[in-house]
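In the two complexes below, subunit A is the common chain; its partner is subunit B in one and subunit C in the other.
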Partner chain A sequence: MNGSVIFGGFFAGSAAVVLALWLALDLPLRLLPLGNRYQLWFASLAFSLALLAYTLELSRRNLVRLVGVVVLLAVLIGTLAASSETAFDRSNIFELLSRQGALGVITIGAALIILTGGIDLSIGSVVGLSAVAFGTLMESGVSPVASLGLVLALGVAVGLTNGLLVTQLRLQAFLVTLCGMFVFRGFAREINKKQTGLVLAKENHPEMAESIDGLRALLVGKTENGALEFPAMLVVMLLFASIVAVILHKSAHGRYWFAIGYNDRAARYAGIGVERQRIAVFVIGSTLAAFAGVLLLLNTGTADPTNAGGSLELYAITAAVLGGVSLKGGECTAIGLVLGALVQPVINNLMTFLEIRQSAEPWVIGLILLLGTIADELIRRDAFGSIRRYFLRRA
Partner chain B sequence: MPGEPLLVARNIRKQFPGVLALDGVNATVRPGEVLALVGENGAGKSTLMKILAGIYQPDGGEIEFLGRPVRFNGPLAAMRAGISLIHQELNLAENLSVQDNLFLGRETTFAGPLKLLNNRDAGRIGAGLLQRVGLPVSFLSKPVGDLPPGQKQLVEIARALGLDAKLLIMDEPTSSLTQTETDRLYEVIADLKAGGVSVVYISHRLAEIRRCADRAIVLRDGRNAGELAKAELTHANIVRMMIGRDLKQFFPRHHRKPAGGTVLEIEGLTFRGGPKYPASLRLRAGEVLGMAGLVGAGRTELSEAVFGLRAITSGRILLGGQPICIRKPADAIRAGILLAPEDRRMNGLVLEDGIGANLSLPNLDRISRFDMVDANAERTLHADTIARLAIKTPNAAQAVGLLSGGNQQKVVFGKWLARGPKVLILDEPTRGVDVGAKTEIYALIDELAGRGVAVWMITSDMEELLGMSDRAVVMHDGRIVGELERNELTEEAVMNLATGVGA
Partner chain C sequence: MRPFALVAFASLLAALPACTGKSGTGKVKVAVVTNCTDPFWTICEAGAKQSAKDNDVELVFRQPAKLEVASQMEIVEALLKTGIKGLAISVINPKEQTPDLTRIASQVNLLTMDNDAEKSGRLCYIGIDNYEAGKEVGRMVKRALPEGGTVAIFIGETTSHNAHGRIAGVLDELEGKDNRADITAGKYREQYGKFKLHRKEPITDSTEPDKVLNNASDALEQLKNTPNVAMVGLYNSNPKGILESARSKSLVGKIKIVGFDENPVTLEGIDKGEIEGTVVQDPYNYGYESVKWLAHMAKGGDKKALPTKATQHRLVTKTGEKVAGVEVPIYKASEYAKKIRDSLEAGK
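After this line comes the complex of A and B, so read on.
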C-alpha cells in the first residue's frame, strides 16, 4: 500500500512534468506566439517556489542544519561579487543557476537515498549511461520525447535493481552501487563506441531537428546555437525539489523515510514496510539520475561514453551533505538541497573570475567543501550538545 | 573456616542514573571455594561481578584482595591482580587460533622491540593450560570459531589460568552449553578448586547451584538478602530468600471486570529462530495475562512472532475465533494486535525525533488523506495523547531521547492508544521506569483492561506480575511450562516453574 502510493505520487508528479513538456513542445510551439516558453518557465518557477515556501519548516533543528550552507554561500557569493564587475551580469548568473539546476537534480536523488540510511555511488555512471542512451536513441531515429521516456524507464530499472539487491538480498548499498558504478559505465561504452551528440542526431534525422531543439530550449533553455537563454534546468530542478518537499515535509511517506533513517527497527515495529520504502527511494534516485543524463546531453550537446557524468555522485553527495543531510540518515530538508547544489557551481565560477589556474581547481574545491562540512558539523554538534551530553551520561 | 579470605568486599555501593544498583553489599570469597551469587533479574548480581572484575568502579565501599585493599581502574588491572571474568558472551577472537587467543595481548616474544612471536614457548605453555581444562593439546592450532560453545568456554578459562587467575567469575556459564558440556565444566571447576582457585558462579538455574556451589550469597534489590551454607542450599531456601519481601507497591484494579470471551488464541505456534516446542496461549477480553520466566526463556521471541516480526513456521493465530495471517507488523497492527517492545530505545522509539513525530508514526494512515498529513488531526492527536497520559513535556516537538524512562514508555503506549487495541502486548512495561510513572502505567493498564482490551504483560518484575496479573503463564527454556490462576499466583509457584523445578 505504502510503496504503491509513493510510486504513484512521484510518478504522477514526474508524469505531470513530462506531460507539461510535451504539451509545451507540440502544442504551444505551434499555436502560441514566441515567448510561451517564458510563460511556462515563470509559471513553473512560481509554482515550485510557492510549494517550497509552503513546505518550509523553520523548526530549530532544520534551521541549525541550514545555517552552515547559508553562511558558506553568503561568503562565497560576497567574494564572487567583489572579484569581478561582471560576476553579477545576467549571463553569468544564468550560467550559475543553470549549473545549480543540473547538480540539484542528482543531489535530490542522492539525498533521499542517504536520508533512508543508504548511499548511491552509481549516480555518475547512470547519468553517463542515460546521456549516451538518449543520444544513441535519437541518432537511430527515436523521437526525443519517446527517448526521454525510455531513458527514464531505464532509470526506474536501475533503481529497482539496486533497491531489490539492498533490501531482499540484504547487501550493503555501498557495495551494490559501487558495482553499479562500474557496470553502468561499461554499458554506456558498450552501446556506443563513439561520442554521441545532438548534431549527429539532427544530421541523421533532419525531421527531428525541430523537436530536438524544442526540447533543448525547454529543458535547458539553450537556443539552437547553444546560447543560454534562460536557466531552465533550475526550473526543472525546483519542480522536482518542490514535489520532494511536499513528500518529505507534508506526507506520510516523508515521515516514514525520516523514521527509517533514524531508526529502522522502530519503524519496523511501528508497522512500516521498511523494505518497500527503501526500494521506492532507490527508484526515485536512479530515475532522477537518468533525467540528469538527458539534461546533460541537451546542455552540452555531446556525451562521451568514457567520461560523461564521471564522479558526479561525489558532487551530489557533497552537495547533499552541505545542504544539511546527515550521512547517518534521518536528516534532510528540500530547501537545503536546493542551496547545497549552488555551492560547487559558485566555487567553480569564483575560480574562473579569480583566474586561478585550472590545475588548482580540484583541490581548492575539495578544501572549501571540507571547510564547509567541518563548519556545518561543528555548528550542529553544539546545537545537539544537550542530547549528546544526555547520552554520554547514560553510557 | 581455615585461612585468610581471598577477597573481601565491604559495603559496596553503585549508583546508575535513576537506579541504585548496589546499596551496601558485602561479600567474602575464600580460597578454593565455589561461591554462588543468586538473585532475581536486576538484583545487582551483574553489577557486583563487574565491580569485582574492574569493569565498573564502585561509588562507595572497599575491596580487599589477598589481604590488601585494591582499586581496579579497568578489567586489565583486575586480571593482572588475578581476577578474571568469563563473560556470558565469550570474548574470544573467533578468527584466531586457540593458541593466539590464549596469549592475546601478552604474547611471548623474543628479539626485543621487534616482538617476534615465540611460538615454541607459547605452544609449550599453551599445551599445559589446555591440559588443565581437559582439552586436547592438538586444539592449539584450531581456529576458535570452529569450536562449539562449551569448548570456547574452556578456552576462555584456560586463558584466565594463563594469567595466573586466583579468582574466576563465571556469568551464566552454562546458558549455551549442552548437558555433556555442562558436566565437563563441573569437572574443570572441581579441578580448579582442588588447585586452590576460587570461583564465583552466577546462574539462574538453581539445580546447578545446589550441585556445584559451596556457599551462596543472595542479593535482592541491590542489598544482601542472606547467605546460605552448602547444607542449606535447598530450592525452597534459595527462592524464599530471593523474593522474600512485601508487596509494597500499589496495583490498581478499579476498572477490571471479570474476563470476557477469548480474543486471541495461539495454537501450536512455532517460528523461525524460536524453540522447537510449539506454543499455545489464550487471551481473554479484559484480562491482564502476566507472562513470567527468566531472561532468555523465550517470552519476547514468542510475542515478536505474534506481532509479525518473526516468520511463523507452523501453527495458527486466531483473533476473535477467526484465523488471521500475520506476516509483518503491519498485519498485526491492522488486526489490533499491538506491541510495546522490551527495548523501547532501540525498537520502540525514534529517539532523535520529537514526541509528536513518534506518536504519529504508526497512526499516519489515520491522520492523512491522499498521503498528505492533516496537520490539524495530527495536532489533536498529539495534544490528546500527551494530556491523557500526562506526558511531562513543554511541547510535542521535544526530542523523545531527552525524556525520562517513564515518559518514554508513555510515548510508546501513546503510539498505540489511538488505534484502539484489541490485544496489547507489553514487554517489560516498567523497566527503567521510576515509581511514580510506574503507578500511572499500572493505572493505565487497569483502565485498558477495564475497557475490554486483552493485555499480555511480559514481566521479570515479580511484584508487578503478582500485583497486576489476572492470570499468569510461565515460560522456561522456550516452553510454556505452567499456567496459574490469580488465586494460585504466589512467588514460590512462579519461581518453581520459572527455574524448571515444578515442570
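After this line comes the complex of A and C, so read on.
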C-alpha cells in the first residue's frame, strides 16, 4: 500500500519502456531524416520521466492530494474513449497530449508562485506579448533562436519587475499582476498593429524559413504544413516539470518555498531570504509564460495582439489547483502539476466528441471542474475514511 | 453523506451524453465553425440548420468562445477526428491559417465563409467583399455629411482581415484614394479628404459590451460641440452602442450614425430615423449556402456547380427606396427586421 513505491515504480517503469523504445527505434530512425529529432524527444522523455520518478515524494498527505485528479482524469478519459471509436486514434491522442503540454508549461509557473503565497494574473498577457514579440522579431529578420533568447529575456524582465514590486514596495501580488495583465496586453498591441505569424516571417525572410520550420518541428512537433507528427510540447513540459521537481523536492530552495508559502513570518525568522526566493519564483513563472508564448506562435502559426493567450492565467491556476496546489500557499507537488494540466484539454476535446449543445458547453465545463474540485476536496479531507465507515456501518 | 457527492459527480458525467445533439442517424455529417460567439452567428446557425434539413445531412455548428485562431483550431482539429465529411470555416487570419487549411482541404471538403483564405485550396468562398462593403459605408457617410466633417470609427479590433477591409473601404471612399497598405500596417492619418478621423485611428473595444458603450459615450462627450459628426460602427454591436449612448445623452439626430450588420437595435434605429442606414451581409444565407454546398460535395456533386463570386452585400435604409450611386439591393428596415425574425423562428 506504499504509494511512493507504486507511483515510483510506475514512473521508473515508464522511463524504462521509453528507453527501450528509443533504443529499439534507434536503428530504423537512423535511416530517416527525422531520426535526430525523434531521438532527442525520446531521450528527453526518458530523462524527464526518470527524474520525476526519482524526485517523487509521496507522503500519505501528498498521495491523498493526487487521488482526486487521478479519478477525475480516469472518468474523463473513460468517457472520451466511450464517446466515439475515433477518439482514441493516434492523431487525436497526439493532439490532446500536445495541448496538455502547452497548458502544463504555464501551469508550472503559476503553481510555483501560488506555492510561495503569491498569484500571477499577468500570465495570459505575458504569453500574448511574448508570442507577438517572437513573431515580430522574426518578421524583422532576427533569427528564430535569437528571437527565442530575446523573448525569454523579456520574460525574466517581467518576472523581475513583478517580483521587485511585490517584495520591495510590499504591494499585493494580486494587484501588481492584475495591472501587469493590462500593461503587457497594451505592449503587445503597441509593438504590432496586426496579427503576426510564421508565414509572414518566412515571406519577409525566406532565408530563415528552414530554421523557423526546424524550431517548430523540434519544439511543437509540427511539420511545415501544420501536421502534428509528435506531441513535442508534452516533452517540453515534462522536461520543465522534472527540473522543477528536482528543485522542489530535492533542493534547499524548494524547502524554502514550501516554508515561505506555509508561513511567511516563520520562514523569515528561520533566516530564509524570503524576498530573494520570491523574486526568483516570479522570474521562473514569467519566463515559463514567455516560453509558452513562443510555443503558442509556433503551434498556432499566428498570434493576434488583441487576444493571444487571453485568460490563460485562469486555466493555469485552475490546473494548478486541480493538481493539488493550495491557493493558501505551501502545498504543491511536481507530479500533481503534470496531472492537473491534463484535465482541461480532455474536457474541451470531450465537448466536441460528445457534441454537447453550444449553449450547454460553458456550464457543463464549469460543473465538471466544480464537481471535480468538490470530489477532490472530500477525498483529501479524510482519504476515503468516511466511505469506508459508511459501508462498514451498512454491513 | 459524502459518498453521495462522489456518486453525484459520477452520475453527472454519465448523464453528459443526454446533453448532446448526437443523433446517430448514419447521415453524412458536415460541420460549420465560426470565428467567435456572436448573435450574427446565431442567424447563420438558423440558416445552416434549415439547410441541413433540406439537404438531408447531419450538422455540427460550433462557435469558438474567443476570436482567436488557437481556440478555433482546437475545435477544428477535434471535429476532423469525429468523421465529418465537410467543413465550412470563417477564417480569422487568412495568411497564417493557409498552411493548416491547405492540409485540411486535402482531408475533407473545405469551404470558407464570411472571411476567405484564397490560397488554401478551399472549394469556394461564401461571403461578401469587406472592402466593397466598407466603401458602401463610406458612401453613406458622404451622403449624410456632403460638406465633410469629423468621423469616428468604432470596431471590435483592427487586426483581422475583415476589419482591415472594412476600415480601408470607409477611409478610401472618404478620400478617394487607396490606403489599404497603410491601414494593414496600422498607420492612420488625421485627414481623409474632407473628413477628419477622430483620435486619428479607429476606436477598438475587443467586442466587450461595456467597452462598446463606454467608447461611444466618451467620443460623444468629446465631440458634442463639434459640428458635422458622423459615427460609424463597423462591428455588429457598434451601431447599437453608439445609438444607445446617443439616446442617453439626448444627442440623437445631432450626430449622424452609420452602421454595419443587422443587429435588431440597429434596424429599429434605422426604422425610427435615428440611424442613416446599415450594410448587411446576410448571415442566414452564409449558413444555408455553406451546408448546401457541403452536402452537394459530400454526395459526389460536381465541383463546377459551386459559386465562384463573392456574395453581394446589401443596404438597409428607412424607406428602402432607390438611392443614386448605389448599385446593390436596398431593403426597408422594418421589412428586413421581420425577415430575420421569421428565419430565426423557423430555425428553432
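We take it that the second predicted complex is superposed on the first by the 344 of 395 C-alpha atoms of A that agree within 3 Å, B and C clash if a C-alpha of one lies under 4 Å from a C-alpha of the other, contacts with A are read in each partner's own complex, and residues count from 1 in each chain.
In this text, a contact is a pair of C-beta atoms (placed from the backbone, for glycine too) under 8 Å apart; a residue touches a chain by one contact, two chains touch by 3 or more.
The structure presented is a predicted model; accordingly, all values stated were derived computationally and were not measured.
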What is the contact status of A:N349 with respect to subunit B (first) and subunit C (second): first, second, both, or neither?
-> second
First (subunit B), second (subunit C), both or neither touched by A:L371 = second
For A:S286, is the partner it touches subunit B (first), subunit C (second), both, or none of the two (neither)?
-> neither
Touched partner set for A:A227, first subunit B, second subunit C, both or neither = second
Partner chain(s) touched by A:G301 [first = subunit B, second = subunit C, both, neither] | second
Touching partner for A:G271 - first (subunit B), second (subunit C), both, neither = first
More residues of subunit A in touch with subunit C or with subunit B?
-> C
Check the residue A:V199 against both partner chains and state whether it touches subunit B (first), subunit C (second), both, or neither.
-> second
If you lay the two complexes on top of each other, which residues of subunit A touch subunit B in one and subunit C in the other?
-> 386-387, 390
Report the residues of subunit A in contact with subunit B in the complex, numbered from low to high.
-> 5-6, 9, 59, 246, 250-253, 255-256, 258-259, 262-263, 265-273, 330, 386-387, 390-391, 393-394
How about subunit A: which of its residues touch subunit C in the complex?
-> 75-76, 79, 83-84, 86-87, 89, 91-92, 95, 99, 192-195, 197-200, 224-227, 296, 299-308, 310-311, 348-350, 352-358, 360, 362, 364, 367-368, 371-372, 374-375, 378-379, 386-387, 390
Counting only contacts in the complex, subunit C reaches subunit A at residues 2-3, 5-6, 8-10, 12-13, 16-17, 19-22, 60-63, 65-70, 73-75, 77-79, 81-83, 92-93, 95-100, 102-103, 157-160, 164, 184-187, 204, 206
Residues of subunit B defined as touching subunit A within the complex | 17, 307, 309, 328-330, 332-334, 339, 341, 346-353, 357, 360-362, 364-365, 368, 371-373, 397, 399, 401-402, 415
